[in-house]
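Letters A, B, C and D mark the chains in the order given here, with residues in each chain numbered from 1 onward.
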């Protein structure tokens, strides 16, 4: 059995990664891929890595036309662009996986606070499943509409969910995030000019990062409590990869075996969660370096001996587990495929 | 049908890449992997990317014992180590793919000149096929013993073969090579210490690089002529990737359509050769950036309007097309598998 | 007037940076420089940048002999090595600037807790001034013995001192530090091997970093209170530079103008503190990229609108303001020179 | 004695580097600095490294007005912009150092061939001295008009001049150049977008690079012969630095002591030329890594034992010896200052 897939906005970095995965997927066939900027051009013009792999061209078709013969459409559009397209697509009966933030939050108030606009279709927010299989697997099975999580939100939530389920922090959880340049997309700007971007450790968003909204929402989903999250985002000197360092302070302290148990209980057999905890060697803790190119989320933690702090570390490839990888994993669940299908590639090492 | 594979010296970078490819190969099963340094350890201790993919441990078995149940053995050993092992393995009847330089050159004199030693088994040199499918496909089909080419030799030869078949240079071909750090292996040293290695454009071998011997040998094979090659090797600021810039001067000059024809005739349908020649865009010429993680060799060329020079550019991932990738491609030919099997992954982009 | 300077352990990265600064210092003359590893070799053998600048050779002299004719000695030795040498040097009457951790902490108990050893000369701890001019300027004027601060401690303390003087945190201050490879010194190891170190975001010390001790000590000095500090240290993909992101949570909240005032009051005219706070542009906040090669400490802060958090950012060059730069600044104060002498170079940009 | 300096086009990378040098120059005072893009802004808005060093603002004044009170003007303008300004500036009697290519070539025909335009003021070409002190020191003393060399031309010429004076190549000299991103200036574009530029070894100009014209001109000046130069330019993974690898083939061969003599005779006491030739260690040959931030040109060479080839290596910081550094060195000569003034800083290491 094979499904027909349409990719809208396929010339961006997330779109390209969806193409790369689907090109190897045994049960998916790309029937349409669109790009306004690259309409009429070969795929390899935007994604030179795909030369010799995909010989198709981008079309400039509107999303509804482009998806006419597809079973599912991936919308890899900018924020606020998806929301204009989704209602029309819903009318056609197609399944949708939206990569933007437009359907991640469950309440219209959250969009006002975090994105600064009135959501035009608040009635649709409840229809979308938050596409993180580690938390929403059962809902994803057979889901019609999926909203793929934000990249830094994915890392933060996957790392913190087991902890907040068992423990309550006594002060806001600090999420100190480090991310490569690909998270900022493919459009040139002064801040992404190589001579200015190379070698930085740049705190581009010390407070108020929008992914905070998703993290708080999902931690509430897991714990049943309102848990404050205080995020700071830093751009670092690479293209791919996210490391989130989450500082979790409790009143009571925690013990390593108990924390271990919390994680093992929460993730008894996740296909893409690995525990990176070793007593020796270079890779004792998670490091994005060894997930690049794979769909893994590597988790590690450490306990502060003098202060009641748990440090949770999560490493992902922002374009895979942080975007296209989780999205295809969700697609697999939607259509009843093996969850690993198309995603079982190892990371490159060294790279 | 599935073959049984043994990997000797599996903890090095080339060994790890062989494991990574074979873990996805539909017709190969790894039955044994050895490492003296990591004997008894899990594979992921040396190759953290393989955690969750391969759960085996390295053994410290000697090559013959390790390969007892295998159909083919990959020897990922240092130079001069393979030659000690190969005669014993040959006695057992197993097929061999040797990653070292010990069986690449066809004459014992070449070992004296380029490697500074008397080859202990000169009678075996003729038994090995030089494992570059682009030049030796027919010999590789059914071959028992294969010697995998050097990484910079692979790039140089693939790029230059079509040209030397058609044209004769009037002075030695200059091969100016740029390579990432992984070509130097995994052993720490002052020259690979990050603080000293980062940001370099380091001419580590301006003259006398040993891969010159292979290049001259194979260009002679293709052209029937003795063609001088003058190589200079530079270490540059990345982990993976080779670009060779070959400067080819003729007395008569060349015309672009003729050169194009030479390349198209030579490579009418190579599965892993791509022509990267575009009039516009960022990737008008080959760049290792867009082959990293794939088995492609990207070729491009340009003709100097005022001097009778053809500049030939070849980009490869040194651990794939420059080592493990070509080796598995050769294995596929040896056993009659589809040549692309296990190797049809796209490069990552951007990365 | 010119002083005579001896540099012991001059072949390391900190030693090299001291040489580089002193070579341009109008009032300092290097009379002796020692290295066990490089004894007899030219300075440029360890520090190739100094070729054509310093033509001297390292000697293998013991520190007392090497410093016989000097007014001051810089000890750029490993931890636990300085403490063996200092008592003998003190007997000679020479002034000492120690770059190790051996005299940074004021109580012997701290050495037991953080460094795991009984300090052999606890009576000397009080004799050393903590060499951070921003906090100890008056003590440094005319001081005989100075202990140069740790690199990440320098960044953390300079950023947090104004804040803790005015506000009391309601939970431990989280210091999330990112540092380049040069902080780990010049000795090759598996973790600093380029192929393994390149591209990392590696949490090498999530808890228990020794610099915590200095930070708590100095924040107590400034605030008169015991303030808990919870540090996590990450190795990132560059050679030089530190960014500390300090998350400071209060019960009451803070207002931007008040925080601004705290900083301006604390640093009314520091020669090497810059406030990097801009509403527009790429460099709105501190980024080590624009301090590399200079002695500046760039400070910025941001206030979380929903959680009572101040995020304090400090960027330094770990080898300058984090080591050799502060040390020479301290030397200037000890000898009554203009504090900026030898240190007024701008950072490189772009680099 | 101190001169008054005007910098026109001071917000670009070359302009910024001129400012950085002059800020430390004992005999130069910046009286005016202009930028159309940054008119009215503080210098640190374009050059964040200069915060706390230069507190001036850019003006939008036209070059003549801006230079009214200056003794000399640096024109850091794009190609074809200088040529419009220079005739007017000449009328005012001011001395000029032009950083563009507009006055580098001595014949109008060269501009047609290499730059594709008719030079509007061919009569001025002879008035400009080619600002490479290593070749034109005597002319520069007291010169009124100086044209600063191209960055890759500087490296190539400095490395090849001694060789072509003594030897005649039997085929065109191949100059294989590698350069960091800062050579491409500060303007964002798809090819300089970090995600696309990071990790490249990109042959952006395999043939026909314009600096070829200068190199051939200056090698003719030195040797009295027409010597063909065939250049290929590659963008590599760093911001600063150039390495040129020049492959020089003779009919007769060369011997190392003779080549050494050629270099020593040509450069008996150049203040900024270093020979990087060592038998051991990491830095046996020139590497831009150890010149970054300095005005040095490091030269090395190697002789091919089997082919009559000399490989000449030159490493410079493209913004210093390749632009602003040589320009200030020329200024020093023009005004009779010590040639080293303002330029005796060491490179950073490690960085």
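One rule holds in what follows: contacts are C-beta pairs under 8 Å (C-beta built on N, C-alpha and C of every residue); 3 or more make two chains touch, one makes a residue touch a chain.
Just so we're clear, the structure is a prediction, and the values are computed from it rather than from any experiment.
Comparing chain pairs A-C and B-C by the number of C-beta pairs in contact, the larger count belongs to A-C. Of all the chains, the one whose CA centre sits at the greatest distance from that of chain B is C. Separating the centre of chain B from that of chain C, both taken as means of CA atoms, is a distance of 46 Å.
If each chain is reduced to the centroid of its CA atoms, chain A and chain C end up 38 Å from each other. Within chain C, the positions touching two or more other chains are listed as 13, 181-182, 186, 190, 195-196, 198-199, 238-239, 281-282, 292, 350-351.
Those residues of chain D lying in contact with chain A across their complex are 13, 181-182, 184, 186-190, 192-199, 238-239. Those residues of chain C lying in contact with chain A across their complex are 170-172, 174, 176, 178, 190-191, 195-196, 198-204, 206-208, 228, 230, 232, 234, 236-238, 241, 243, 245, 247, 249, 281-282, 285-289, 292, 300-307, 309, 311, 313, 315, 350-351. For chain D in complex with chain C, the residues that touch the partner chain are 13, 16, 20, 23-24, 45, 47-53, 181-182, 186, 239-240, 274, 276, 281-283, 290-294, 296, 344-351.
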